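Look for chain A in each of the two complexes below; its partner is chain B in the first and chain C in the second.
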Partner chain A sequence: MIYEGKQKIWSDYQKEIPDDHWYYVRSCIRQNFFPASERMFTEITKNVLKKDIYETPYHTTCGGIAYHCDTIPQETVMTIVARQFALMTEAGYENYVPSCITSFGNYSETLETWREFPELEARIRENLWKSCRREFNKPKYLAHSSDLIYHWRNEIAQKGKFRLVDKETGEPLRIVEHIGCHYAKMFPHKGVGGAEYPYVLAGMVESWGGQVVDYPERRHCCGYGFRQYHVKANRGYSVSNTYKKFESMEPFHPDAIITNCPGCPYFLDRWQYVISEQTGKTYGRNGFGIPVFTYEEIAGLVLGYDPWDLGLQLHQVAVEPFLDKIGIEYDPKAKYLGLNKEDILRPGLPTSMKCF
Partner chain B sequence: MGLYEELIKDYRVKEGLHTCINCGTCTAICPAAEFYKYDPRKIMNIVQGKDDAQIEELLRSETIWYCGECFSCVTRCPRKNGPGLVIMALRDLSIRLGFFTSSEKGRQVLPLTHAMTGNILKYGYCIHPKTFRWEDHQESGPVWKWHTEHLEKSLERQGANYMGEGPGVLRRIPQESLDELKAIFDVTGGTERIRLVEKFSEQKAKEMGMTMEEYERRTFEDCSEEHFNE
Partner chain C sequence: MADFGFKLSKSSTLDLDKVDLKVYNLLCKTDPDIKTCMACGSCSATCTAAPFSGMSMRKVILALQRGQDVRPMLGKCMLCGKCTMVCPRAINTRHLILSICKCYD
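Moving on to the complex of A and B:
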């Protein structure tokens, strides 16, 4: 593609992201699999960047995973979304930030469908009133939580103690970015950089000193597939997609992967373990896997938080070689300790993939 | 009313099918088409062909259950169609008419419905630690086995507010919020959907000579060879 054409596409997919006052809703999957990442999001945004991020305990799932597992009707999921918007309205906010890409896609689909079919929005408003006696305003701005970290990426870099740089050579670390499918594949104009040139994670990597790795299957799905994972019989679909991505990125020797979707870091991490158990193959150096991080985990490392406070002990792929390369200090003996250094035993080890 | 007429009432078909030119771009980009014997191009063609007999065959088939709803097809379609959206509408109609029990992959709607709607109505989450059993997810590795064996202490270390009051990670969602979710299900057809899935599944289990427990376990675990590409 000629350079000017690329610039034109890029300029079409800029996104306005207000600098403050966001109503925050959580992710079902991330709370289960990467609980410290959401805690780190509020820690960084509220305590480091001093932003107003509001959360109410009364919010619930958006229903997105159930919807994409085809277990609830469209009107049900849209009315759950409407209730979430009502809670935002009642709290006095108009900027809405979900922590989940499935949710972000769900909110985007709902708003776009209502825009095209106002009679459906009217029916959902009736549904919400009948069921909950609530009313709502639509958000003025909708952003994913990775959009906000992208928006504040340079501020994070300025406050950072580390950069994504090899401490021995001074060379930038090679980072694969994996964008969750529902971030921009359905509605490209909703994402920073659109679906063709998503920049939300690449921007963070570049600001924090790393180098983004391009590879053939960069935009391929991680393989979640909703029913293709949640039903045991279908999981071959899920692992096959992850396998395809790793075979494609392997020749480019990435040091790590950064993700913005709830499921992707889980699948890219855990299926590496399964592939190693099934075939003996590992994709990192010296028998290790390639560590997979959430954007909050990488931001937390850059800012100098203790890796075990970031929850990196819940990864199956060892993160220590990546930490060593940057020069981040950690206490290996503290990795699996509970709060106040309580001994809660430690996990077993994989058969093939090296782990600590 | 015919099946095609019923199908095009769905907003996802209104949004996702605008005269498909059958170029096959969706199939070329589709992760499911590489893995399963699956061709979204053909599905789009059948639907726009408006032939109710062929549409019924589709609604009873394995093929509509192969899609992973990643929507890579939406990005690439030169006609701005959404084959993934049309698939969602086909699945919805298949469930409403009870046709989903005709296929192995379709019958999986029962365990999915119990898992997802059970978690939403009981806990307010689609996924919850109390039902995400390591035994059913051994791919989550030894680290997750350890995590689930020390769940409360591990989550405490992660800074979660597990089943606690107030905001935070994995907080207990207040009963009044759960009551509102139940009311939403009742008003919008979510509760009726669960009843329908259970009714049609019970009929199928009886036809197959299985108890409901055996039927649900086998729909969750069984996988025939017929689904896969060579």
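Moving on to the complex of A and C:
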């Protein structure tokens, strides 16, 4: 696609993102996959950028996984969503920021449905009152946590210690940006940059010194797709989707992948191992895979946090070649030392893909 | 190879720059009217063998344009010639089938 065309699309799809006072809700699965990412979001926003980000341990799942796996009806999901909004209202906030892309899509879908069918909203209010005696205001602004990091990307770049640049050549690193399907494919106007070429991660990469790689299957799903993975008989379909994506990006030699969804970094990371075991093929340089990061991890690296404090030892694909390229120092011996410097044991190594 | 209980399935995507169009190119010389096919499907709709065997002249021509092997489908044709009678582009499809068979000989 022509770059000027992208600029036009990006300028058409912009949304207002308030600068402060957000009610933050976490994802069900992100803390199991890449546990430091959400911790790093609160660390960066509260301690580095000094923003007011409020969270409560009383919030629950948004119901998105069960909804997309066809196990609960939409009215149940909406009542769960209504309870989340009630907690926000009780805490005195108007701006709602979920960490999960599926949640973001779920909240967007619920709000749009209520806008079109006010009688349904009234019924959900009644359901919520009957079930837990709560009332709620709808959020004034809804944004995904990657929208906030995008909003503050230049501040992060100013405070950063590193840039996404090859320390040897001075060339920008080639980064693939992968957006979760539920970010803007359902409601393009809810995402920064629209559905076809969302700008949210591309903007971060550009601000932090990298170069975004364009490739044919850029908007293809990571392969997770809920039913594709959760039903074991369908997992071949899931990994085949990921394979198609990697085959498409391979000729462009990306240095890393940045993602903003809970499932995408996990599947793009772990399926590289499965593909390498099944076909013997790896997609990075010298037998390594292509490292996959969440945007919080990349922001943390740019700001100079220790890679092992960012949880990068929990990635299947080795991240060390990427760190070496930027010039980020790390202690290889500390990779598998957890909190209190206790040994967290080493994983088994893959047969085909190089790892440390 | 590790057994995960699931495996990669082959992509159905066709790379038209890489497919083998030897048979189709040969046919374009022997039966140039194949190039006038507009894939309307009249041949397939009128085919006597189609309801029982899955034979489809439209699919045969499409498969040839994609460089795919059409021999299993050709064996189902009874050479009745109805497809030739209904073709709005007057392609001699009966003759075309015989020509395709010759290409594979």
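Following the convention adopted for this analysis, the second predicted complex is superposed on the first by the 347 of 356 C-alpha atoms of A that agree within 3 Å, B and C clash if a C-alpha of one lies under 4 Å from a C-alpha of the other, contacts with A are read in each partner's own complex, and residues count from 1 in each chain.
By our rule, a residue touches a chain if its C-beta (ideal position, glycine included) is under 8 Å from a C-beta of that chain, and two chains touch if they have at least 3 such contacts.
Predicted model only: the values in this text are computed from it and were never measured.
With both complexes brought onto chain A, simultaneous placement of chain B and chain C is permitted, the two fitting side by side without a clash. In the overlay built on the shared chain, the residue A:N137 is in contact with neither chain B nor chain C.
When both complexes are overlaid on chain A, the residue A:Y243 reaches chain C alone and has no touch with chain B.
In the superposed pair of complexes, A:P35 makes contact with chain B only, with no contact to chain C.
In the superposed model, the vertex angle chain B-chain A-chain C (Cα centres) comes to 60 degrees (nearest 10).
In the superposed model, A:Q14 makes contact with neither chain B nor chain C.
Touching more residues of chain A than its counterpart among chain B and chain C is B.
In the superposed pair of complexes, A:V274 makes contact with chain B and with chain C alike. Residue contacts after overlaying the shared chain place A:T113 against chain B, while chain C stays out of touching range. By the touch criterion defined above, A:N154 lies against neither chain B nor chain C after alignment on the C-alpha atoms of chain A. With the two structures overlaid on their shared chain A, chain B and chain C come no closer than 6 Å at the level of C-alpha atoms. On chain A, the surface patch touched by chain B in one complex and by chain C in the other comprises residues 232-237, 239-240, 244, 274.
Across the complex, chain A is touched by residues 1-2, 4-9, 11, 13 of chain C.
Taken together, the chain A residues at the contact with chain B in this complex read 26, 28-29, 31-32, 35-36, 38-39, 55-61, 63-66, 68-76, 78-80, 83, 105, 113, 116-117, 120, 127-128, 130-132, 181-182, 184-186, 188, 195-196, 219-221, 223-228, 230-237, 239-241, 244, 266, 270-271, 273-274, 308-309, 311, 313-316, 336-339, 342, 344-350, 355.
By the touch criterion stated above, chain A contacts chain C in their complex at residues 232-237, 239-240, 243-244, 247, 274-275, 277-279, 351. For chain B in complex with chain A, the touching residues are 10-12, 14-15, 31-32, 34-36, 65, 67-72, 74-75, 82, 88, 91-92, 95, 105, 108-109, 111-113, 115-117, 119-120, 124-129, 132, 136, 139-147, 149-150, 153-160, 165-171, 173-174, 176-178, 180-181, 183-190, 193, 197, 219-223, 228.
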